[in-house]
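Chain nomenclature is as follows: A, B, C and D, assigned in order of appearance, with residue numbering initiated at 1 for each chain independently.
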Amino acid sequence: MNEVEQQFASDNYAGICPDAWAAMDEANRGHATAYGADQWTAKASDAFRDLFETRCEIFFAFNGTAANSLVLASLCQSYHSVICSDSAHIETDECGAPEFFSNGSKLLLAPSTNGKLTAGAIRSIATKRSDIHFPKPRVVSITQPTEMGEVYTVDEIRAISEVCRELGLRLHMDGARFANACASLDCSPAEMTWQAGVDVLCFGGTKNGMAFGEAVIFFDSSLAADFDYRCKQAGQLASKMRFLAAPWVRMLGNGSWLRNAAHANACARRFAEAAAHVPRVHLISKVEANAVFLKMPESMMEELRSRGWVFYTFIGGGARFMFAWDSLPVRINALVEDLKDLGRSVV
Amino acid sequence: MNEVEQQFASDNYAGICPDAWAAMDEANRGHATAYGADQWTAKASDAFRDLFETRCEIFFAFNGTAANSLVLASLCQSYHSVICSDSAHIETDECGAPEFFSNGSKLLLAPSTNGKLTAGAIRSIATKRSDIHFPKPRVVSITQPTEMGEVYTVDEIRAISEVCRELGLRLHMDGARFANACASLDCSPAEMTWQAGVDVLCFGGTKNGMAFGEAVIFFDSSLAADFDYRCKQAGQLASKMRFLAAPWVRMLGNGSWLRNAAHANACARRFAEAAAHVPRVHLISKVEANAVFLKMPESMMEELRSRGWVFYTFIGGGARFMFAWDSLPVRINALVEDLKDLGRSVV
Amino acid sequence: MNEVEQQFASDNYAGICPDAWAAMDEANRGHATAYGADQWTAKASDAFRDLFETRCEIFFAFNGTAANSLVLASLCQSYHSVICSDSAHIETDECGAPEFFSNGSKLLLAPSTNGKLTAGAIRSIATKRSDIHFPKPRVVSITQPTEMGEVYTVDEIRAISEVCRELGLRLHMDGARFANACASLDCSPAEMTWQAGVDVLCFGGTKNGMAFGEAVIFFDSSLAADFDYRCKQAGQLASKMRFLAAPWVRMLGNGSWLRNAAHANACARRFAEAAAHVPRVHLISKVEANAVFLKMPESMMEELRSRGWVFYTFIGGGARFMFAWDSLPVRINALVEDLKDLGRSVV
Amino acid sequence: MNEVEQQFASDNYAGICPDAWAAMDEANRGHATAYGADQWTAKASDAFRDLFETRCEIFFAFNGTAANSLVLASLCQSYHSVICSDSAHIETDECGAPEFFSNGSKLLLAPSTNGKLTAGAIRSIATKRSDIHFPKPRVVSITQPTEMGEVYTVDEIRAISEVCRELGLRLHMDGARFANACASLDCSPAEMTWQAGVDVLCFGGTKNGMAFGEAVIFFDSSLAADFDYRCKQAGQLASKMRFLAAPWVRMLGNGSWLRNAAHANACARRFAEAAAHVPRVHLISKVEANAVFLKMPESMMEELRSRGWVFYTFIGGGARFMFAWDSLPVRINALVEDLKDLGRSVV
């Protein structure tokens, strides 16, 4: 089978990074106790506690949809609601998983610029209704970085968590690309999360270079009660857990989680800088992580496609390019060249 | 980290077999389209169609709890019920997952000998109530091999499917160890499933030597409608699907799925034959797959544990030993020797 | 206990009309078989079949939230979605009941003028996404009359049902005030429903003058399969069903269902005509049923309240007045006089 | 329409008692605020607080299935389980409603004699499993009186609540016929409930002589948090709540709740005493409330039916007779006479 030539449609197109692979290989020696009672799982949990400099509770789920939904279900009863951006992944790309796992919790959507919630928008939605005919707000969910590739500053997160505390809301961070946000901001994982008031984080492994797996991190351990039962019942307890856990041990241990993300971010910046000079091409959002959103004429996107490039488009008109831990400069250059060529020629 | 010395507590203690590992390695070259739109997923689906000699619809889930529950949820509405053995995994070891995924479908338990349902027991349960105050029977679920390690013959399955057809019930086979049943019976996968009247099969990969992953196989493709949406919503759609799919391509292709199972079964037989001659030790169920259930005095089990052996016990008193694709003769011999030694000495 | 002086905050403030009361009294003679196997339930079902001039399937639920949600749950799987107006009762005032009953079906909201969906808006929403990462549209739900008191014409309903048929969607009508729509339009119940392409109707009894109870009417009887089980499981099967059913027998039989609604509609028109002449007061939507929505200065609403009037306000600024089967001209006049008085004096 | 001649198949065959009817009539004067913000609902709640001599939180649901299921859903998460008798109504006659409302909580069944749970049986079930592969026990549910018409003594309830406290379980009482238990035991409602350790009671109104309606009484008010939202979302919030509430005001106020139950109980005793002397007829359970269970030959039951009597039979062979607030001595005598006649003649 021939490998597919690199595209920048999704960071999910990339495979398993060498460190994750080596860790799985190492974990594959002999037998290990099932369902997370193995030493890899224990070590991975400790590695997270070291990274976040706090006693936190760690669980592993197979993918981000499950991780986010399980967290929301654990924080909400069915008659509660979750405040999120109108472009949040939990709203636009999880096929109703949060509502399914929570047995009906409603998502309340805040109009947002490039995916960022603000304290003001949260307050406005949370205080709009207080009668029993409408689901009671219970959680705020932010995506870091946002679906448009922007990164909340620590101050922005702190402002959000303050309004959450004031209004009795919990704060969830969807960190499918949390590593990219860490590589982007000059702060520690602790500063960006629990020190800024985040209650629960979903820390993405898949887009960071693993085969599968997201870590769910409860900074308030009282919220983690029985979460293991919830994972089990929802089909998210891996029997051979070591293969979800071992990659974290190595990647958190040797820093490759951050290097992978930094590489992807750098690729995005490099591409964005080149693309920004192409006639009729405009950056739509700030390039602060590994995503680049370009506004360009429809005809130009068609031409790009006819030259073999694969990418997602979005409502309003534009193209998304995502960079991964393994993005190749040569392919980025090729994409830039094609863009430039089209910028010159297309009328 | 030191590897754990082989135990026979669970076939989940084993790691990834060489063929599954090589397949993941091969699939890890370069990029691939996400969410199952890759060539590995297509090839794995075709490999199942070849193996089962029919046009069937294939989906991949992360684990067996999810695979079983998604199937039951797709066959049932919330007010339906599922007839299964009182020792069925879906009843005893999935933490209410079937009820959770289906939003309330009830399991109706048939008392069973060594986990086997019979046509008579199904009829009796299915016809006991027909008023709206009790959930309407909709599905029969059998485990092949059973949780007690016995294997339904093709005739037994056919007798069950006949009563299902007569009563308007669908037939689901939980095949977490389906390969072991195939290695045990002298028949083709097709004969044991759709030709015998099975509607949907969950074919276990994890216990067969993979890291993760079960295949859901709909033999009646009308039942598969929208199952992809169901998987996605329930957090069971892998973004890097190729790593769930590729092991099947190789293992179904080169026969290692069956060899792995045959090895495990042979280990179980070998152990059972030796154990059966130990004084005060008795086989509880027939050894037809990779499980051996032994009745022995409580004191003997304690002695075994004090010698470092790990195993599950069960209600009624006894010990379970499960053999895997990698079970080592030397460890089996060591266990047998310890048993014999205890058989001689324990009073 | 003193009775509360009539308000026009909600048509739910009204009690049981004389015909409904007399029917309950009559049904209360002696014993009757429970759970709907009584003659009143049979007669009520036949009365609906006469009214709608077709063989339809009838079920009774305790309230409108349950009736709507049960219907949506029966038409949808959890990964489906329902297209409705952004002001639909199922979205704004049922506390997530549709999502709860359906175990996660998402409501897709169309921006609407005065609550009316259009064929164009439906098509736009239904065709926006077709990938498995977003819930699959399955049902369109319209409220007749809308929450803003406007009535879909038969042609408008037909246009909607045509796009539904084309796109494979089912059409649900939330008729909490269906009688008011019938009294408003010059057409038969049949013309406004199944002849115009409606698949299922929730026909409200409570606001029509009963103590409790809504009828669910399936015009396509294949959709009604097992709906009785669904009602039972969801706590909507009345043991003393005759008391839900008997009022329908009498009220459909002697036409009081329509007279009650016509009275309420006439009160709304009468009030609206008078209010429209008050300075600084404006009608927001057409008065086609029993609701009147008035835009007026905030100070004026405060003054009204200080004079003892109770009413709901809505986002954007304005007051809602609802009229019931028993609305008293003298109270309407009193409200009009207060409005006029405030219109003259408030600056 | 002719009334049906009195049968003793179910106490649901009886209609609305005069006090409940008069209360609804009185409540039907004029307007009242909707959704429970009316004076009848406030007065009914106070009446319960007086009756139970404590500050408790009161909610109203339409029927017993909903009341029980809402309570269990509020006490459990989806991965929890509920311990109950194998003949509990929540298990045998609610069509999976508890599992539906709770999104999957499993019922763990204790074999029981005449429906009574014991502290020993609870302990045995609750401690059988403590791993995450099986739903975690969270609630014990007892039916008072049991489905077989026996009444738990205060000491029995206290013994159960003690084991509940010890094991961290909540205690729910399904009191669909709670009034009958009160009339049977020489104790106050307080002694039988919160003073004996019951956390939540569902107090049945329907079988006590109302048209519809059950009261949910939380003795631990922290458990009642947001229960109003839960009722609303589940379609159990009556808009014209006064008609559910007013009957309680009058019936608790003037003692008719207890007189109704005492009458029914007396009828049951009277019938049981006569039936016990009929040849080949045997009492199966103690007659402590309004139910009488008779074992008799199948041929005798057929003869009874052919003489026009309607009754339920049960697994194992026997007939159930239930007496209501309005059971007529003349009809009881007629039934006794028929039984005696058959006892003499049938061979």
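Criterion: a contact is a pair of C-beta atoms (placed from the backbone, for glycine too) under 8 Å apart; a residue touches a chain by one contact, two chains touch by 3 or more.
Note that the structure is a prediction, hence the values are computed from the model and not measured.
By count of C-beta pairs in contact, B-D exceeds the other of the chain pairs B-C and B-D.
On a Cα centroid basis, the chain most remote from chain C in this structure is B. With centres taken as mean Cα positions, chain B sits 34 Å from chain A.
Once the centre of each chain is set as its mean CA position, chain B and chain C turn out to be 50 Å apart. Centroids built from CA atoms put chain D at 42 Å from chain B. Multi-chain contact residues of chain D, defined as those touching 2 or more other chains: 35, 78-79, 94-97, 100-101, 103-104, 132-133, 135, 229, 232-233, 237.
Contact residues on chain D toward chain B in their complex (touch as defined above): 78-79, 81, 92-97, 99-101, 103-106, 128, 132-135, 315. Listing the residues of chain D that touch chain A in their complex gives 35, 77-79, 103-104, 132-133, 135-136, 226, 228-230, 232-233, 237. Taken together, the chain A residues at the contact with chain B in this complex read 1, 3-7, 10, 12-16, 21, 24-35, 38-40, 43, 61-63, 65-67, 69-70, 94-97, 100-101, 103, 206, 211-212, 229, 232-240, 242-243.
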